[in-house]
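Next come two complexes, and both contain subunit A; in the first it sits with subunit B, in the second with subunit C.
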Partner chain A sequence: MSRRAFVLRGLALLLFVAFVTAPQLFAFVFEPLAANRAPAIYNQGSLLALTLSHLRTVALATLASTVLAVALGILVTRPWGQEFLPLSRAIVNIGQTFPPVAVLAIAVPLVGFGEKPAFIALFLYGLLPIFENTLTGLTGVSPQTLEAAKGMGLNARQRLLQVELPLALPVILAGIRLSVIISLGTATIGSTVAAKGLGEVIIAGLQSNNLAFVLQGGLVVALMAVLIHDGLGLAERMAARKPGRHGGEAA
Partner chain B sequence: MIEIERLTKRYGATTVVDDVSFRVEEGAIAVVVGTSGAGKSTLLRMINRLVAPSAGRVLVDGEDTMAIPEDALRHRIGYVIQGYGLFPHRTVAENIATVPRLLGWEKRRIAARVEELLDLFQLDPGEFAQKFPHQLSGGQQQRVGVARALAAKPALLLMDEPFGALDPVIRSRAQDDLLAIQRRLRTTVVLVTHDMNEAFHLGDRIAVMDRGRLLQYASPGELLLRPAEAFVEQLVGTAERPFRLLSLTKVGEALEPGHAEGEPILLSATLRDALSQLVWLGREALPVVDAAGAPAGRISIAQILRHGRALP
Partner chain C sequence: MASLRASLSLDRVGAVIAVLIGVALTAAPFVTYRANRIVAGEGRMLADALPPAGVAAVVLAAIAAAACAALIRRPAIRLAAAALGLCAVFPAVGVSAGFVAPAGNGFARVSPALGFWLLALAFALLAADALMRLRLGPWVRLAALAAAGAAIALLLLSGAWADLSLMKEYAGRAESFWREARQHLWLALGSTGVACLVGLPLGMLGHRIRRLRTALLQVLNIVQTIPSIALFGILIAPLGYLAAHVPLAAALGIRGIGAAPAFVALFLYSLLPVVANTITGLGQVPAAVTDAARGMGMSARQRLVEVELPLALPVILAGIRIALVQNLGMATIAALIGGGGFGTFVFQGIGQTAIDLVLLGAIPTVALSFAAAILLDALIDLTQRGAHDRD
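This part shows the complex of A and B:
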């Protein structure tokens, strides 16, 4: 990693932390945008608390998507699970095709307002990239490597854990990263059903016609997405650091 | 020792391996040759049960392979394939340690074994142990592949076109290295190839297969002098026959008393090497010396020609 990239990362992180912990310091930037003496900085709750619960919803949803998508990916690449491939594809595709807003509308009557409907929407929306990348990663392992593993007496479980998953890991991580980034943005609409999150700031701004709020909410989400994308990218490169593994995205 | 008894594999209506029986003595190298699609690889893969036989059985040291759990059987049989299938995410040392680790060997014992094998295959442990497969040349990968197969001291080594991915120069060196190591460890080897030269170079016995059937299983000399079928004769190559025969005999076995002038030839050289040297130098005879350099006699063109005939 170059020195300049490192400094840039540090600065972005510093800016982000400073803004969510002490937003008042930045009031001067947003004042010109707040018309009619409206407050320049969001004042209906702590920006830090909203950021944390936004992150929490995204993290939980992505974790759940990862567990299901990776499990499905493993299942359909086993000889006895191949016939589930069309079904699994259909499930994750529906998750992706169904707009999150529509999922919210359907989920609220079933599970009520709050974090739950947002969690369901994000969970479904995040399945596809992880599933497809798991599939790509696992089917991309060279047949020779698998033949040798089998010939040396590694059983199916040992082959999966010691050979297939380690070799597919960088590609799976790329899928998780994609899913996290999509979820970070999509989570803002969760605030329409009273899920705590940064969407609240944006919606409050839209309702009171306060451009400063809208911009604040948007910027915090964007900065967070960039930082997390970058951080996970680093993790992927670490996983692919061992030479011979093929990294890169395949979604 | 390995005994193959009436081994057969059918896929639907096609018979890939048809009622094949032969046995390989302890410490011998058996080479299975044939054109592609002859069923060689399927035969090999039935020995370690990567392919389930439709009929027949395989005995390893008298024990029916079907009586041994699949994975345990494979831990006991080394397996080398074309392209080697090294684990790209593991170092050379980790690759070699695969089977010992599965068997739950102690760490120190594994480390010692890895080092021993790297030495045996002339790969400096300090330099190579921590390298990854993609950092190795083709010849080095091949050696790691064989070392990995030998790690748990298997009694039997199966090799499926193990030299197929190497260029000719490195291939012949790799074959010599394998022979030297095999003579030292006395591991029983069953090797599949489509290369007749390789078969004659390595095999104590050669099994010729065609369309799933075993046509002949015999020593290289017998294959040349008494081919069982026209196909065997054709596969052996009629034009190549005398030269193959010469390459099976050592100079020491055809030695004549007396001396000759010129560059001496080693007792351990083959008659084919001696002939080529004589033709190249334009001489009728050359002196022969033993490994220490002491004169042992001479070898002449006429004497060599006597050994290259079908009937003595």
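This part shows the complex of A and C:
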């Protein structure tokens, strides 16, 4: 990573933390946008609290979908689950044509308003990229590698834990990253069903015709998404480097 | 020997589907009855939801499909069984609506319940599994899509579903439904079209100029990470300014709130898949092929139009597929900023806790994305085949 990129990232992070903890400092930026002496900074709740609950919903949903999607991905790539592979591929393809809003909207009548429908929508929609990437990662392990592992006397469980999963990890992480980014956006829409999150700020702005609210809500979510996207990308590159290094030592 | 044993043994996927069908028949209500549009509903099991002959027909079709799923391996037969199940259960839920609601009660609402959805899911899974195993060619897939569309149109036009709550919601809004449908299509298709017009040349430039490529992909990647509702909202500001200060923009119907920011946002989102895939597709053209074209005396323009673009076409189309499917879904958010589209019904429905109104917006959206995905997948297969023929 070049030094300039590093400094840029640090500045973005600093700006983000400063804005959510002390938004009033930035009031002068948004004042020109707030017409008719409307407040320039969101005043119906703390930005920090909204940001945290936004992050919490996304984190919990992603965790749940990661556990299930990786487990399912492992299941359908084992010999006794192989029959489910074509069907699960089809489900993933079909599932991805479902817009997140539709999932969210259909969940509301089933579980009521609040965090629950948002959690369900994020969980279900987050499954797809992780499952797909788990499949890609696990089926992408070369047969020679698996033969070699078998030749070394590793049993099926050891092969999975010590060979297949570590090799598939970068691809799985890429799926998790995609899932988190989609969830961050979908969680914003979650505010239309009364889930606590940064969407509240944007929607309050849209309802009262206050562009200052819309912009600051949008900027916080966007900045957060870019930072998380970047951070997880970093984690992926580290994970991708690790197996290579081990291979180097072994050779 | 092996094939005989395989053809008689229990199919694992089929067994799961059979269990699903069993649960749907015995443990879940088939329809929900509500005294009016928004009160809580009560479930009706299959036996109470249809006249005896109807119950018998649905149960027989479901058991036949379950048996085929679990025991028979030939994909064609499994597909037929799934079609039989779907043909039984879809009209049945319409009949049930007329049967459950008291005669002459205009307020009563009947909606499909968990049992119906599970049955439909089980048959759809069975059909999807069979179709995957049949490995149909692109033309057959398109024909299947057309047949499914015709069957749905027949079901809706025949009035078999007229008593269902979903269709009652539609009947009250038929005019605005088609207006929003046009708006939705215009937003999604128009923005994807403009993205192709801009993205293809950008991608070609990016393929030639390495520095432009890196910068372009970096910027477009960042745009992609901005959540949709935020981008829609952020665009209100510049477009509002444009409308207030440039008379021509205002005359063209550009406003801060409404379809314009939605269109621009969708356009920006669809640029990444189009540009990235154009660059990837052109990059994959083997150097030997371009060298041969050069040796034949083709100019740079001829090489691009006659050799590189045709060879890159499947990859470019894959990018357009991603953009289109994504935009068809994301256009629902346009309703939040007054941009119209099917999202109007989704968000109205959320506001009124009326699930059928939500479905009136969500089902066409999903159907459109699904159809677009199948259509473009078939197109990709066709161009791939064309590229190989030319080899």
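Following the convention adopted for this analysis, the second predicted complex is superposed on the first by the 233 of 251 C-alpha atoms of A that agree within 3 Å, B and C clash if a C-alpha of one lies under 4 Å from a C-alpha of the other, contacts with A are read in each partner's own complex, and residues count from 1 in each chain.
In this section, a residue touches a chain if its C-beta (ideal position, glycine included) is under 8 Å from a C-beta of that chain, and two chains touch if they have at least 3 such contacts.
What you see is a predicted model, and the numbers here were worked out from it, not measured in a lab.
Chemist: Following superposition onto subunit A, is the placement of subunit B relative to subunit C best described as a clash or a fit?
Modeler: In the arrangement built by aligning on subunit A, the partners subunit C and subunit B fit side by side.
Chemist: Contacts for A:Leu161 in the overlay, against subunit B (first) and subunit C (second): which applies, first, second, both or neither?
Modeler: neither
Chemist: By the touch definition at the top of the document, which applies to A:His229: first (subunit B), second (subunit C), both, or neither?
Modeler: A:His229: touches subunit C, not subunit B.
Chemist: For A:Ser142, decide between first (touching subunit B), second (touching subunit C), both and neither.
Modeler: first
Chemist: Touching A:Ile106, do we find subunit B (first), subunit C (second), both, or neither?
Modeler: The second partner, subunit C, only.
Chemist: Let me test your reading of the model: by the given contact rule, A:Gly205 touches which partner, first (subunit B), second (subunit C), both or neither?
Modeler: After superposing on A, A:Gly205 lies in contact with subunit C but is clear of subunit B.
Chemist: Is A:Arg89 touching anything from subunit B or subunit C once the two structures are fitted on A? First, second, both or neither.
Modeler: second
Chemist: Determine, for the superposed model, which of the two partners subunit B and subunit C contacts more residues of subunit A.
Modeler: Between subunit B and subunit C, the winner on subunit A residue contacts is C.
Chemist: Tell me the contact category for A:Lys150 with respect to subunit B and subunit C: first, second, both or neither.
Modeler: So A:Lys150 only meets subunit B here.
Chemist: In Å, how small is the closest CA gap from subunit B to subunit C once the two complexes are overlaid?
Modeler: Value for subunit B versus subunit C, nearest C-alpha atoms: 7 Å.
Chemist: Overlap of the subunit B and subunit C footprints on subunit A, residue-wise?
Modeler: Overlap of subunit B and subunit C footprints on subunit A: empty.
Chemist: For the complex, which residues does subunit A have touching subunit B?
Modeler: Residues 142, 144-155, 158, 163, 166-167, 242-245.
Chemist: What part of subunit C is in contact with subunit A in the complex they form?
Modeler: These residues of subunit C touch subunit A: 11-13, 16, 125, 128-129, 131-133, 222, 224-231, 233-234, 236-237, 240, 256-257, 325, 328-330, 332-333, 336-337, 343, 346-347, 349-350, 353-355, 358-359, 361-362, 365-366, 369-370, 372-373.
Chemist: If we count contacts the way the header does, which residues on subunit B are in touch with subunit A in the complex?
Modeler: Going through subunit B, the ones touching subunit A are 48, 50, 70-75, 79, 81, 83-89, 98-99, 102, 132-135, 145, 148-149, 158.
Chemist: Considering the complex alone, what residue numbers of subunit A touch subunit C?
Modeler: 33, 81, 83-84, 86-87, 89-91, 93-94, 96-102, 105-106, 108-109, 113, 181, 184-186, 188-189, 192-193, 199, 202-203, 205-206, 211, 214-215, 217-219, 221-222, 225-226, 229
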